[in-house]
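Naming follows writing order (A, B, C, D and E), and every chain is counted from residue 1.
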Amino acid sequence: MAEKSLKEAEKIREIVGQDLLGGRIGLLLGWEKGHYWWQSRPLFAKNEADLEKLTWDSFCVINLSRYLLEELKEHGKVGVLVKGCDARAFNRLLQDNMVARDRVVLYGLPCPGMLDYGRLNEEAGGALISISESNGSVTLKTGTGEKSVERDQVLMKKCAECVYPDPVVYDQLLLSPQGKKEGVERFKSVEDLEELTPDERFAYWEGELSRCLRCYACRQVCPFCSCRECFVEQDNPRWQGRAYQPGENFMFHLVRAYHGTGRCIDCGECERACPVDIPLQELNRKLIKDINQLYGDYEAGVDAEADPPLLTYRPDDPAAFSEK
Amino acid sequence: MSVGVKEKAAGWEPLIVAFCCNWCSYAGGDLAGTSRLTYPSNVKVIRVPCSGRMNPMFVLRAFQRGADGVIVAGCHPGDCHYSTGNYSARRRLSAFKRLVEFAGFEPERFEVRWISSSEGDKFAEEMTGITERIKALGPNGKMRDARWQKKA
Amino acid sequence: MRYRYFPGCTLKGQAKNMENTTLAAATALGIELVELEEWQCCGAVFPLYEDELISLLSPVRTLAAAEGEPLVSLCAACHHVLKRAQELMQRNEDARHKVTEFLEIDYKGEGRVLHFLEVLRDDLGFDKLAEMIKKPLEGRKAAAYYGCLLLRPSKVMQFDDPENPTIMEDFLQALGAEVVKSPYRTECCGAYLSVTEEGVAADTVARILDSARKAGAEMLITACPLCRYNLENCAAEDGKEPVKVYYFSELLAEAMGLQFDDLMAKAIERRRSSDVGSS
Amino acid sequence: MARTGVFVCHCGTNIAGTVDIDQSVEASRGFPGVVHAGEYRYLCSEMGQDLIKNAIEEHNLDRVVVGTCSPRMHENTFRKAAAEAGLNPYMLEVANIREHCSWVHREMDEATPKAIALLRAAAAKVALNDPLDIPELDVEKRALIIGGGIAGIQAALDIAEAGYVVDIVEREPSIGGRMAQLEKTFPTLDCSACILTPKMVEAAQHPNVNLITYSEIDEVKGFVGQFDVKIRQKARSVDSVKCTGCGICWEKCPSKAPSEFEMGMAKRKAIYVPFPQAVPNVPVIDRDNCLYFKKGRCQICAKECPPEAIDFEQQDVVIERRYGAIIVATGFDQLDPSIYGEYGYGQHPDILTGLEFERLFNASGPTGGKVVRLSDGKPPRNVVFIQCIGSRDKARGMNYCSKICCMFTAKQAILLKEKVPDARSYVFYIDVRTAGKGYEEFQRRAAEEYDVAYLRGQVGKIFPEEDHLVVHGVDSLSGKIVEIKADMVVLAAASIARCDAPEVGRKVGINSDSYHFFNEAHPKLRPVETHTAGVFIAGACQAPKDIPDTVAQASAAAVKAIGLLSKEKLQGEACTAEVIQDECSGCLNCIAVCPYTAITEVEIEERHHGGTLKRTVAQVNPSLCQGCGSCTATCRSGSINLKGFTNEQILAEVDAICL
Amino acid sequence: MSAAANKTRLVEEMKAQSGQDPSQCFQCAKCSAACPVTAAMDLLPHQVIRYLQMGMEEELLKSKTPWICASCFTCAARCPRDLDLARMMEGIRLSMLRCREGNKFGPADLTPEQLEKLPQQALVSGFRKYNK
């Protein structure tokens, strides 16, 4: 593992350790290594021994903010490590009144982007044993030798398309900022789909959505899905049929996306969590793109004070329907 | 696959569900009646208190159950009986319309119109218009639940 | 401060002195005016019917030739046509499409279009100008004569308040003159009616001069060669004390202490003769 | 299981002509939950209603569907009938098979299936209906009037006479408003003060009227019958109880400032009453201009005041009070004509607005009642009046007609002739508008007997020359350019909404037109009501109007308020939103979209791992909720529902209509 | 009088080409009051619009007024209806130049003295305005 991130992890541990052990926070949400070296999982650190496990590497992809929903029920004050997307998720939850700002200590971690194990493996071309990083390149070690690739080539898709790698809200910034990324083309695939005829688009989505298992993992990781009882699980009324019908898949995915109108922070967690690789971000981004076009630029999660577009209006708003 | 709708045979009549605001468009529909205007009987109206009441899920449900077209009609912006309901509706339904089109619905399938209580003629015109456009387009199979396939 | 400069036909002919004095003063003020290469007519009048696209060809070509840099002119008529043509290009997509297609250029209405007085007011600043004056025009009672083309239509020209403009008075003040205001300073001089209806122009001119005289003005300044022509040539011989008419730049050069003899004028003429286009 | 009865009306042949009634009744019998179906020629008739009532009893029905005309027509009739038979009135739904079916379709085989579908949807909906209560609301027997001009005074006196307590909140130190600034009133030429002052005094002395002057509205909360209002009473720096209004303080005060009442044409002192007849006759200290407040010394007024009423320490006081009804009567402003450079207003002292000119006639005005030029104190010979300054002007002013200018100009021209007999008036006008009792006659008198020259046309430019003003205009009727050497010019500046009208509207919860005049609920049939129940409007805050119209509207608004206050209880809306608090996650997005601030947050406790946990959820105030349902559409989990139009009901209708 | 109010070809063309609709004028005559060159006109500016409203096209085309108008835009600057009379005048002139009378003014109309003294700008704009 890169020396830099080890040093950074050391620094993080030192700072949060003071707060945790000094009693400023009762729990720290961070990451620890998972079963494999290319996995990190949430760490719920309560003491020094827990802190030993704290890790910061190129696989800390899991968004920790959502865990606050449960943990705040148990702990008076919780500290949480936030990357750019985690911080925007925190703002989203804050706007939805799901977290209390004064009960959370945010440790900001400007994020270089997380690495995609699938892509690493692909690049390695053989059984990948480990990686090491330096200066924007990644060295892949396989049983047969070593290979170097540009870091940008093996980033997770959501990280490659991330605009705000730096936390937009924090109490303490632990690393030096990466800077807002300009020129990210996140709407390309949406625009490509817009070029298709309605029937072609429907066929595309029918194909993609046909794989949906309704595991609702996309919802579980999503910072805008914080309802106590999701519409899909309600019996009265039964919005969402349980039968395996293509129409029901559309119902779920269109409504899920619609519920994110002006609220989706574009973190890409839904798509990452999807076990069957449905391009959920395309639905979310369609709404981001159109809402921005119709009602002015708005980036959910960037500014917790700005009015979400569906919760406000201007009398002279345009409309997307052909009302004369 | 549910798109296998074979209804376009002769005699197919589309089903259009119209959600109308009680204060303007529903009353406009009343005026169309009082004025003895005509529009196709394919249109069936569900009364809602305000276009702001429209949950987009109602629209999707209609498509699932076999509607070929859905129209929401509310007060003209600035004239909402509840002062701002249609402003909210305009944003919500604009976003939603773009989304269902992105999912592959033809733009004609879902429409929103502003019709006041004094616009009986506009009500009849719009209802005739959407029916004609849907007839030209043919039946909607998208999202339709197999259990609600029309018996021929 | 660097600007592209569009002289226009009259400044190479009857109003040569407006150009000469301006260029001399600009150099002294550190304002660089770079004459457009191979410029042609400004269009002379702005077409008021929007299908008169042919009249837009030369002003749009001129606007595009500035390559996005601020474009300065001195003649009120030229400035008027250029400014309005630019606004039309910004506003009317159809007209823009047709004109730029025809000219085979890419122009979307970009760039600042300025009159030299605006440069003095907005970019240099009259305060700064006042500091650089060497021979203030003390005791000289001067009035501004704006005419039409710089001011109206105000939504497009954005030059000054169309009914109560102050830019020329502020300019005169900066030169140290005693400013006199006359109510007819924004009224039309008769324009090209002097060509066809000399009597009309004589009327308008008489009113303007009378009102300036009553207000106590010894001299008028203008930024328009045609206004100056009318004010000097259409005035009836009434035996009253004549009111002298100057280009604003002539007073500017004088106040800057620039010796303005033929020699200098010729020197400037020579220096620029190589890149002067046809008028 | 529901026991629904369906009743189909023939409406003579109105329905039966195109809808097969028998077939509809037969089909209805097969709908889920339907235990009885019947038909009748005219269901809305007494006999028809009895048929329904009897069936309810006979078949033990617990809900009813009627297939009739539009619910907007007879829903209440049938609800009442159902209630008389012992059902909750909301256990009934109407299928609109006349306006939405038999009248818009011509063929039986078209209209009948549609009528059946509509009946099916109504039956599906009614199966999910719940009994609803109409909430009863208390009425606070007290009215608030915002604005103490003639409209506010008139409304207050009317309400007070009816026996209710009423508070007038006035921003200025005295009530009286614009009318107090006028010298005479058209078309009778009554002295304005002579008819207004007695009303002001009556208001001050009436046991049911409270004057809260030098005060503004801070906040209005609540709803019809129970508005909770915060009124900020600005520090007067004078104890109103002790003050006798003797006037020594303002005589002795050394500090001067332009008088607002005199439109800046005269000075007042830093401690002042705005005009001699002020009510209450208690001065205020203008702290921005008072030497003591500016520099910490002086206090002459305090030293001289016999009852020691001056109180430099006084603070703003916020009065919190509950009202049953509110009348907004905030009046109007005059447009500033300096936006028209060609007229030179503001650059020459002899170019005045109509209201400024009015003050020259007044004995206590800036010239002591002498009509003279402010430039040199000489009486004017030629006075030019120009109409429509900013009115009827969509380019730079207001697109509407200000309504009063034609008349006040005629009045001022007449008054001028009386004060300065050798003066001549010229009126440039576009159209002379004199609709009103005695108005046309009045205006003609000006033209015929008072030598007022009416010139149809406008003025292009005004400029000073020597000791006069040159007015360059046109008379379009003769087609002649007119140049007048005038001594004075009077500009009939447009009447416009008060600059703070949007803010007042926002606080009170009423909306305005594009000119910021407050909107009435219906332009013809509800002229003094607003869309907010319990809030009424009167006077020029609704649109420019003259005194007779203002007073009439004020009395109308008073009657509406009295009608409201006279009720023991008010009936609220039955179909209101309701939060399912177990499911509510507390995101409170519903609060943002509610037009009535009917939703608030509330903390609830719930069990969590054996302990209790506090969390925030939304809560609807059914008295405030008007039932639009915007909140329900914003709630992603459907945790807020609208009674009478629930998610379940609408989905059931969709399902049934699509069958 | 051809009082075919408002429907003439000239008016229709005017609406399309200059966005000016004479029916928006309510004859306050402020244009006439503002115009600096009314002395030489046979119809006052507001009367020109009135003629347009009345459909009196032939009479208008005979009028001297459009040729007196110097396009100084004072009328447009002060019109309370936001109409641009200068554009309407241009429309009447163009209507004549384009298909009726041909050129109004050419080099032959000038004296040698004028040709020498007039600023170039006056000659060019005069030809542009009065010539096609």
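Quick note on the criterion: a contact is a pair of C-beta atoms (placed from the backbone, for glycine too) under 8 Å apart; a residue touches a chain by one contact, two chains touch by 3 or more.
The shown structure was predicted, so the numbers you read here are calculated from the model rather than taken from an experiment.
Visitor: Tell me which chains count as touching both chain A and chain E.
Guide: D
Visitor: Taking each chain's centre as the mean of its C-alpha atoms, which one lies nearest the mean of all protein C-alpha atoms here?
Guide: Per-chain C-alpha centroids ranked by distance to the global centroid put D first.
Visitor: Need the most distant chain from chain B, centre defined as the mean of C-alpha atoms.
Guide: Of all the other chains, the one whose centre lies farthest from chain B is C.
Visitor: Taking contacts as defined above, which has more of them, B-D or D-E?
Guide: B-D is joined by more C-beta pairs in contact.
Visitor: At what distance in angstrom does the C-alpha mean of chain E lie from that of chain C?
Guide: The mean C-alpha positions of chain C and chain E differ by 25 Å.
Visitor: Taking each chain's centre as its mean C-alpha position, how far apart are chain A and chain D in Å?
Guide: Here chain A and chain D have centroids separated by 50 Å.
Visitor: Quick one: chain A and chain C, Cα centre-to-centre, how many Å?
Guide: The computed centroid separation for chain A versus chain C comes out at 60 Å.
Visitor: Using CA atom averages as chain centres, what separation in Å is found between chain C and chain D?
Guide: 53
Visitor: Which chain B residues sit where two or more other chains touch them?
Guide: Answer for chain B, listing residues that touch two or more other chains: 56, 61, 84, 88, 92.
Visitor: Which residues of chain A are in contact with two or more other chains?
Guide: 231, 239, 310
Visitor: Give me the residue numbers in chain D that touch at least two other chains, ranges are fine.
Guide: Residues 342, 461, 593, 634, 638, 647, 651 of chain D each touch two or more of the other chains.
Visitor: What's the complete list of touching chain pairs for this entry?
Guide: Touching chain pairs, listed by label, come out as A-B, A-D, B-D, C-D, C-E, D-E.
Visitor: Under the stated contact criterion, what part of chain A meets chain D in this complex?
Guide: Residues of chain A touching chain D: 73, 96-98, 226-231, 234, 236-237, 239, 259, 307-308, 310-312.
Visitor: In their complex, what parts of chain D are in touch with chain C?
Guide: 340-342, 347, 461, 463-466, 470
Visitor: Give the list of chain E residues in touch with chain D in this complex.
Guide: 26-35, 38-39, 44, 46-47, 74, 78-82
Visitor: What residues of chain E sit close enough to touch chain C in their complex?
Guide: 17-19, 36-37, 39-40, 67-68, 70-74, 76-77, 84, 86-87, 90-91, 94, 104-105, 109-110, 114, 117-130
Visitor: Write out the stretch or stretches of chain D touching chain E in their complex.
Guide: 342, 388, 392-397, 430-431, 456-461, 472-474, 476, 479, 481
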